[in-house]
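First the structure, then my questions, so here it is.
Think of it as A, B, C and D in the order they're written, each chain with its own count starting at 1.
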Amino acid sequence: MDTAFWIISAVTVIGAVLAMTLRNLVHCVLALVLFFFGIAAHYFLLHADFLGAVQILLYVGAVAVLILFAIMLTRHVTGTEGQREVLGGKWWAGMGTAVIIAGLLWAVIRRDQLAALLPTGAAKTSVAEIGQVLVTRWVVPFEAMGVLLTAALIGAVVIALEEFIRRR
Amino acid sequence: MNVPLSYYLMLSAFLFAIGLCGALSRKNAILVLMGIEIMFNAGILNLVAFWRYKLFATPSAQLFAIFAIAIAAAESAIGLALVIAIYRQYKSVDVDEITSLKG
Amino acid sequence: MNELVKQQWLIPLFPLVAAAIQSLLPRGQRKLSAGLSITAMTASCVLALRALFATFGTGSEHEVARAVWNFTWFRFGSTGLDLGFVLDPLTAGMAVMVTFVGLWIFVNATGYMAEDENFTRFFCFMSLFAAAMLGVVVANNLLLFFICWELVGLCSYLLIGFWYFKPSAAAAMKKAFITTRIGDVGFFLGILLLYWQTGTLNLYDHGHGALEQADALSKLAGWWVFSMAGLIALLLFFGAMGKSAQFPLHVWLPDAMEGPTPVSALIHAATMVAAGVFMVGRMFPLFTAGAAEGGSTPVLDFVMWIGCITAVLSATIAVAQFDIKRVLAYSTCSQLGYMVMGLGAGGLVAGQFHLLTHAFFKALLFLGAGCVIIGTHHEQDMRRMGGLRQVMPITFVCYVIGSLALAGFPLTAGFFSKDEVLLVTYHRSQWAWGLGTFAAFLTAFYMARQIFMVFFGRWRGGDDQKEQEQAHEGGHAHEHHEPHEVSWNMWLPLVVLSVFALFMGWLGTPWVGGNLFQRYLAPEEIAPGASSLVLWLSIGVGLLGIVLGWVIYGRKTMEHATEPDPLATMLGGLFTLLNRKWYIDELYEATIIRFTATCGVFFRLVDKLVVDGILHAIAWTAWALSQIARWAGDEFLINGGFETSCESVRIGGKAFAKLQSGRVQNYFRVLTLGAAILLLVYFFA
Amino acid sequence: MYQQLRSAFANAPDGVLVAISIAGPIVFVLAVYPLIFAYTTLVERKALGRVQNRYGPNRVGRWGILQPIADGVKLLIKEDIVPRNADKAVHFLAPVVAVIPALLLFAVVPIGPELVPVDLNIGILFAFAISTASVLALFMGGWASRNKFSLLGAMRAVAQVVSYEVPMVLAAVAVVMAVGSLSTVAIARAQSGGLLNVTNWLVFRPWGFVGFILFTIGAMAESARTPFDIPEAESEIIAGYHTEYSGFKFALFQMGEYLASIAMAGITVTMFLGGYNGPGSGPGLLGGLLGALWFFVKLASMIALNIWIRGTWPRVRVDQLMAFAWKVLLPMSLINIVAVALWHYMASKPLAWVVTAVWLVGWFILLSKLTASERIEKRKYRYVT
């Protein structure tokens, strides 16, 4: 079973690295999709089936497509950056910060005794249970989430449509 | 399935760093957003791992993940809409060129 | 009564709900929205009356009956935050006053705002205003108190700036908001200190409430001459100074005139300024804690003198104003000074009683002024009025009654309450009493001046050049400028209120059954021994003021709007000084700019330290030190370092702006570094 | 039936059992459904031929029975052309990505009592998640071939699929609410019983019927079949995203599409048409076989319905397409969910039947009034009388 973990992790990491390093934007998105699938696979591995399905449905089905649309609407269709520099100014600073963060997290995790924890028994949470708590104990956050999503939807439409509205 | 929790934490820390790296150093705004998405996912992976290793009260732990995913979705929608609007304005999505807010 | 207190929250609820509904109403729904406000107010009034009757006769000989109802709002960890409501004579009386006066103000507003296109928005704000004030009244918890308190401030902000398209109104709204906010800082600090000391924010909680621990607090050492209780009381009083416009912070109140007149009435009579005085009354145990029987405490003296200064200062200013509403505004200031002075002199009853009576006749006066303004087609300058006696008789009569009450004419409401205040003060400090009496004289004088300028003589409205031109271009503009009596829904409230302005005083006179009001509100308080000197002197100065007013303004009324005020010819420079309000605003201009300037330098130091390493930092520090030295030395003393400070603000702002490079990733990077630092802390902690 | 199968292999060693239990479903899915796909193409061509008043393929074998094989061989040996400046890798990956999700979909379709490749407790959700992934294939194909028409087709396809996903999922939500489980097996089981195992099919409830229609339309649009085949509208954009594909890659694309639509049909059957339930179906070997029979009969009828519609209906315009999705299907599906709630909370089912029916019909009429476009009056000819 460890092997499953290692394989999936390898896929996920490769997807992430490619998504962040490739020159061609569309390739980046495809790599990102790979990464999303990897994460979903991890969820399945962790017995969180529902989350895995949601992950695919939402990220692959929605977010990735959204990003693709954004690329199509903003870049030259081939999605290549041309010969232009892909790295922004002060990129070394970014890399440095990332490395520092990674090292610190690593150190913290290494030190934490919780980290040695091994899975005990099966943590099963049926969809029904999730639904239960969602509409009983967490109903207020749930509603707030609904409001947030609606607001985001309307906001996105308004922002993106601004120009057409002006044209009318 | 008997990998210790630390593996998952390490993995998500690593992914987080990768996303951060990209978000901080890439030039294209869309890629920055993608990096942020990666960071989001790394965090959510942590939550699920905690749930699996029974550090949270089940099943509420999964709800954290669900809420986080929903927020990430909203964030990406707004972010991309903004990118498109910015592109209309500047004819560019290069985060180094969009500096008209400089004091 | 213990059951009734559980329904106290209903009193603010009705206006709140009304406001909520009105905020959703379309603009056209004028009748509906006005109806909503008035209905809600009536409902709250009925509830308040029920509470009032419930409190009658429940108190014992030496203590008032008080029912409280606290519940936990939310709790984090072991400690939680409570909210609570209280029902005691103070609350009940205030609630009835606010709802009743507010009700009639609403009725009048329907007429005043009749042709405003934001009618519904206006009533939405008004209802919210009333709801917030009622919340303040029924709160038994400093947190709830503070929330409603700030809501009151917000609503006043919204309403003063209701005609925000007028730059003056916009400025006034900001001024009111910021000025009161300054006071609220003190208030908030007081709350924090209280919570820190007592661990609770409930005022009364069966022995564990904050006020019930006042004596214990007074044992603790506070700061300077103040005990801990005194210190807290002092900080809280700053809030009151802001809200009810006491001397250093009184500047916002006259500018609040920019709002529609019903708003002024509401602010000046029932809600906003009353909140401050009510707060002092509510927190009275803290103020008196540690005082000997009938004795005083440092903070009480402070309060008294602040009130005294305000009373006299603003009374003098009121003498020299021409805007009909400004005169009333400054008179409000000085009356508030009276209340605070009475409270400071240890007379809870006196202060609250004057608050109640004043609410009635000041609301009456403002509504009357509103009627005059409407009747004369939005004319506010008293010099361009006059002779309204014939054209608007009802308004005239009511207005005169209000003025008499305010001037403390014998046997009117104002007479009794003011007399009581003076009496209490007399027993505490002769000086303050003398000044108060002088203020009373001024009050009578400027009210007489106003009456004679507005209602007597000939109608001077048409004199102005501008108006003539209007008359020429607008065809029917001429008769349009003739004053006329206002509609019934505007004068009805005047009549009702004037009845109270006449007879309400009898509640609080020692002649009828030994001061019912005191026995009701605070039986434990020892009534000040009556003094014929005080009584006759206050009557005398009142009459004297009226007579003097008649001599100067009444005998020979102004003929032309342009001709100078007779008093100005008499006093000359002093008059302009008063007219310019002692130049207090200008003073603040200078000081506040200086303050911001120092802030600018400070910020520049900070961010330079952050941005360009130690080396620059040292240099800047040296420079800034030299700057500060320069102020402290010559410029601060000599020419106030005015332009240098402005200059330094500019430089500071520039340096500060460098932080904002406009590059997203820079911000992101800094963010991440912060996270890294946090991680480090976590790692090594 | 599962028990019978178990007992049949009772004396086999465990390793073999495990191997069979793993390999069996895979082999089944990989063998049966592609076959169905192959003959669907044949049937479709013949049926369309009839509709268009001509014979379909009738040369290869009797009634052209071997036509699919011939097609397969032909496409296999055909030259595979890749445009010069196409994005090679993606261009190659796209068809593969197109087929895999379609095949995965079948994993959760129960074909008989206890006969399902995988019994996921989130079956329906899994199906939707996988089906969304097919969007990427279309996009990859269209984008990689560096061809305006391909890209246009791809974008159209993506937009269409994404927007028809919503009413589809919501229509499914109605069923999930009623049954109280996401598992396809549970859903199928919930529809057994009743008169002849028929009356409990969800399609026989008002909301079930509406959901069935919504879902069918959504499925049709999602697998880009006429009348929703905007993405490959020959008249406008040559062949959409697979313009630049030839040979076996093209075949894979076709296969992906058909498999997807077949799988959607299977899920429709499972959710609304009672799955394997029918007269005589139930536990036991015979019942199981009957159930499987019923399932495939229903599947065939759904495919026939698809073909029929394709042969009959004209293609809709893009704006009509979107408007239909957002202005009609989406509100209707939301209303449908409310109907399910009503149904759930009303004790007497006949009453609930009437109430929900009234509710849905009323809303439908209202919606059609609201979203009715201006009616097109008869064209006037100026010169012809």
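Everything below uses one rule, namely that a contact is a pair of C-beta atoms (placed from the backbone, for glycine too) under 8 Å apart; a residue touches a chain by one contact, two chains touch by 3 or more.
Here the structure is a predicted model, which is why all the values come from computation and not from measurement.
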item: Which of A-D and A-C has more C-beta pairs touching across its chains; value: A-D
item: Distance between chain centroids, defined by C-alpha means - subunit A, subunit D (Å); value: 29
item: Subunit A and subunit C, separation of their C-alpha mean positions in angstrom; value: 55
item: Distance between chain centroids, defined by C-alpha means - subunit A, subunit B (Å); value: 5
item: CA centroid of subunit C to CA centroid of subunit D, Å; value: 72
item: Multi-partner residues of subunit A (at least 2 other chains); value: 50, 54, 62, 69, 88-89, 93-94, 97-98, 101, 105
item: Junction residues of subunit B, two or more chains touched; value: 20, 23-25, 95-96
item: Pairwise chain contacts, counting only pairs that touch as defined; value: A-B, A-C, A-D, B-C
item: Footprint of subunit B on subunit A - complex, ascending; value: 1-2, 4-5, 9, 12-13, 16-17, 19-21, 25, 28-29, 32, 35-36, 39, 42-43, 45-48, 50-51, 54-55, 58-59, 62-63, 66-67, 69-71, 73-75, 81, 84-89, 91-95, 97-99, 101-102, 105-106, 109-110, 112, 114-121, 123, 125, 129-130, 133-134, 137-138, 141, 145, 148-149, 151-153, 155-157, 159-160, 162-163
item: Residues of subunit D defined as touching subunit A within the complex; value: 87, 90, 120-122, 125-126, 128-130, 132-133, 135-136, 139-140, 143, 146, 151, 155, 158, 162, 165, 180-182
item: Interfacial residue positions of subunit C with respect to subunit A in the complex; value: 663, 665-666, 669, 672-673, 675-676, 679-680, 682-683
item: Subunit A - residues contacting subunit D, complex; value: 24, 26-27, 30, 33, 49-50, 53-54, 56-57, 60-62, 64-65, 68-69, 72, 77-79, 126-128
item: Of subunit C, residues touching subunit B in the complex; value: 656-665, 668-669, 672
